[in-house]
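Look at the two complexes coming up: chain A is in both, with chain B in one and chain C in the other.
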Partner chain A sequence: MAQPTLSRILYVEDDADIREIVRMSLEMLGQFQVAACDSCADALSLIHEFSPDLLLLDVMMPDVDGPATLRALRERVSAESAPAIFITAKVEASDMLRYRDMGVLDVIVKPFDPMVLSGRIEQIWQRHWSSFNDNGG
Partner chain B sequence: MNIRRRHKLEYLAAWLLILAFSAWTINLLFNVQNDWAQSNEITRFDQDVHGLLDPWRNLNRPGNDVLENYEVDTQNKALERYIAEYSEARARLEAHRATHVPMADFFAAMDEAAATANDLASRVLRLATEREALRLSEAAPDSIRLVETEAATTMARMDQAFQGGLDLIVKMDESLDRRLLDLDASRRASIGSLYLIVLVALTSSALSLVLLRRTATQGEALRSGAERINAIVNNVVDGIITVDESGNVKSINRTAEHMFGYNAAQIVDRSFTELVAPDRRAQYNEERFRLESADTGREESEYLGRRLDGSEFSMELATTRIKVDGRPLLIYIVRDISERKHAEERLQLAASVFENTTEGILITDPNGVIQSSNPAFTAMTGFTADEVVGENPRILQSGTQSADFYDAMWRSIIETGHWQGEIQNRRKNGEIYPQWLNINAIKNARGQIINYVGVTFDISELKASERIKDEFIATVSHELRTPLTSIHGSLGLLGGGVTGELSDDSARLVRIAQGNCQRLVRLIDDILSIAKIESEKMQFHLQSVAIHDLIGRAIEANQDFGKQYGVHLQARPGAREARVLADMDRLMQVLTNLLSNAVKHSPRGGVVLIGVQRRAGYWRISVVDNGPGIPESFRENIFSKFAQADGSDRRKGGGTGLGLSICKAIMDRLGGRIGFTSERDVRTSFYFELPVMQRQHTASEMVSRSPEPQEPSTWME
Partner chain C sequence: MITADEQFAQEFAKLSATFVAQLPRQVQALSNDLVAWLSAPRDAALLDRLSHRVHQLRGAGSTFGCCGISDAARALEQYLAEFRSDATGGSASTMDEVKAAMEALRDEANRIYGESAQGGQRGTQN
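This part shows the complex of A and B:
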């Protein structure tokens, strides 16, 4: 299967400042199309219309946290069509195990360097698809 | 005599009684001795009579013709009569030996008569011989007649002598008769009395024997009985005190003396109330009067006793009222029950603890059958004592623990008599809850297990509060990081020229802000990290870690950081087989900290070497730089929190001062140690040591090789 190009990222983050910085970083440095949502509900309302290649999710959010948001989004879009990455400061070993079990591609630790964020995401994307193809996917 | 001997032998005391009768016996002995004396007199009598008669007998012997032609018949007849009389007297004398007839005079007379007889007999014999000689010489008949006449006269005189002797005998016999008559009566009486004496003596002896035996036995019994009673009274653990009707102590045994600290002389004839605590005396008197009004009886009551030194103790008085010689006597059996009281109090305390403690307590027999449980247990589990007694604690099991868990628990209880830990059990309502359980085997004096006691408390709230704490830490972490992320991100974009080129001054200011932002992030990370390590909240995932790989990854992860300082990180060739049992992430954290310090303190252009060496049973991983080294004054506190050599150090390195204390905390948790050697301006080596682990191929080893060079915070598994 030919490796798809990463262009559309659905990003969920409750903190407006961070949301803005990430959006700027991804749009200006990575040339990605970003749908930045402030909540799970916002994301759910956007997902069909936006049709993302990748989900980028904060973990610690009020009401519905990152993992719960991912579960909710997964009812609309599969991991194959839109794999996920968490971007969070909550990176205890036990948290990491939990994220892995949820099938996310990777975790980006906050605080992140906005200058290399796009490159990092691209790198994860590449790795995912190469291993996906290696495994006969 | 036998009896005497027996008495003497058997009963010394009987001897005295027997002595009283021995006078009679001695008297008897004297009689017998008199008898013997009498017998000697008879012998002498015989001798004297023969002395009187023998000269004639020899003269008149048949064949002796000296007295031929002499008229001897008269003499012979007289002799015959004499012998008859003599025999009779002798027989009487013989028959009544014990007559005490005085015979000395008789014997004297007899001796004289016998001497005369002998003399005359000799003269007769000489005259007869002379006559014969004259007749043979045919001397004148006249001279022969003269001799014959003289001989006849002599023989007549001899006859007189015989007659005198006979008279003596008759006289003696008569006196003997009279004496006998006297004696007979007295003798009869004495024989009677002798029998009586013997009878009395025998009876008395027998009686005394019996009496003595009885008295001896009774005496012995009495003596041993009294001694025994004394011994018992003095040695019983209870005090025994007798008190008369006026309330005065009459006797006190040794135990009571010790108990009250008195000796008998100090308390006998004094009021018993002295032995009762002052504020209990009224109660004592009241009860004593009440008891006295009863005939006899027994009552037990508890008092406070008072010792001579004024100290008081709990005592139990068992009062028995008896009558001795018609007078009432109270016997107090006193028992010092302070020990018992203490024991009771302890027991009450234990019972009260059992009932009121907030810990649930479950007691089982050695077979694990529940014997009792306390209210806290009921409050925790919902099971009442009635519902669990007789059951096995298995009824509490939640099913969330494996069989291995219970195996390990029982192994520990059997081997060490103890187990404690967290366990999940099920309440009566089905709810599963965590509890802390402490099980102890209770052994008896012989070391046999008689009970198991489980003390437990519900830790669901504790768990909840721990969760709250964890959440708090996570929240703080999140709340601090979120604005930092924004600041850091904004500064990053600004500094990166995304929003347009900055002036040099602006760019420098943005870099300062960025650096401090990063430092703040590290500070938060370190503080949270050390808080978690120290509260043992940090989970360690132990696995086999290949040191070679660890070093490789640490160098890769920190090489860029080194470049910032113009320092190169380099692995020293070393033991590729080195392995330790540790948490890979934590070791990376330690090594990263050490590398970061080494880089920051190395001169520009310097090299930091990372190596591994085998020490006795340990692998030593060391990070060596050739920086200025650790100042003497700082060495002691180097692993303390917020320890930095000087203020400029902080600005220069941008460290938090927590790195080494985190490293030490991690090493403490892993059972390793951390240390350093420092030679000023030449060589400083920080190292940590962990026990050698035998090489084995494990899945974790394979996993740990998977490289994640750029981002150490991503997947490690």
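This part shows the complex of A and C:
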């Protein structure tokens, strides 16, 4: 299967400062189209209209956290059509196991360097698709 | 012609300056939340809100390169986590540690804000 181009990223983060940095980084340095959402509800209202290639989710959010947001989004889009990455400072071994069990592609650890964030996401995307194709996907 | 990296660096510098300018206000809001929670230490919703705000400040501090803020917020977050995991409402000594951690965070915010303000004044004088 030909590797799809990564161009549209739906990003969910409750902290306005971090959200703005990531949005700028992905748009300006990665040339991605970004829908930046501040909550699960916001993401749910946008997901069909925006039709993302990738979900990028903060983990620690009030009300509905990242894993719960991913579960809610998965009721609308499959992991095949929009795989996910978590971005979080909560990376103890038990947390990482839980994220992997949810089928996310990878976890980006906070604090992150905004100058290299786009490259890191592109790298994860490439690795995912090359592994998908190697496994006969 | 300006590159994407340079453009991003400029925008990032603006956001960083805004973050520093708002630090005293952010820390004051945290302090207000702390006072509210100290008056009702068994109120889980107040503790959740306070913990989340501290967590946000820790993340933003490290992202904007304010490691002292991030470290002070992390210390406060850890003390608060002890209360979250302690159904009895925590001990008096931990309460004192929370207050001391809040003061350390406030001192660091004031220090960074003061340095930034001095730098700005120097910049306008030159």
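A few comments on the model shown:
Heads up, the rule we're going with is that the second predicted complex is superposed on the first by the 137 of 137 C-alpha atoms of A that agree within 3 Å, B and C clash if a C-alpha of one lies under 4 Å from a C-alpha of the other, contacts with A are read in each partner's own complex, and residues count from 1 in each chain.
The rule is simple: contacts are C-beta pairs under 8 Å (C-beta built on N, C-alpha and C of every residue); 3 or more make two chains touch, one makes a residue touch a chain.
Owing to the predicted nature of the structure, the values given are computational and were not obtained by experimental measurement.
Touch criterion not met for A:41: it reaches neither chain B nor chain C. Contacts of A:106 after superposition: chain B is touched, whereas chain C is not reached. Contacts of A:17 after superposition on the shared chain: both chain B and chain C are touched.
Of the two partner chains, chain B and chain C are each touched by A:28.
Among chain B and chain C, the chain that touches a larger number of residues in chain A is B.
When the shared chain is aligned, chain C comes close enough to touch A:62, but chain B does not. Comparing the two complexes, residues 15, 17-18, 21, 24-25, 28-29, 60, 89, 110-112, 114-115 of chain A contact chain B in one case and chain C in the other. In the complex of the two chains, the chain B residues touching chain A come out as 474, 477-478, 481-486, 488-490, 492-493, 495-496, 498, 517-518, 521, 539, 541, 585, 711, 713-717. Per the touch definition, chain A reaches chain B in the complex via residues 15, 17-18, 21-22, 24-25, 28-29, 60, 89-91, 93-94, 96-97, 100, 106-107, 109-115, 120. By the touch criterion stated above, chain C contacts chain A in their complex at residues 4-5, 7-9, 11-12, 15, 19, 48-49, 52, 55-56, 58-60, 62-64, 70. By the touch criterion stated above, chain A contacts chain C in their complex at residues 14-15, 17-18, 20-21, 24-25, 28-29, 60, 62, 89, 110-112, 114-115.
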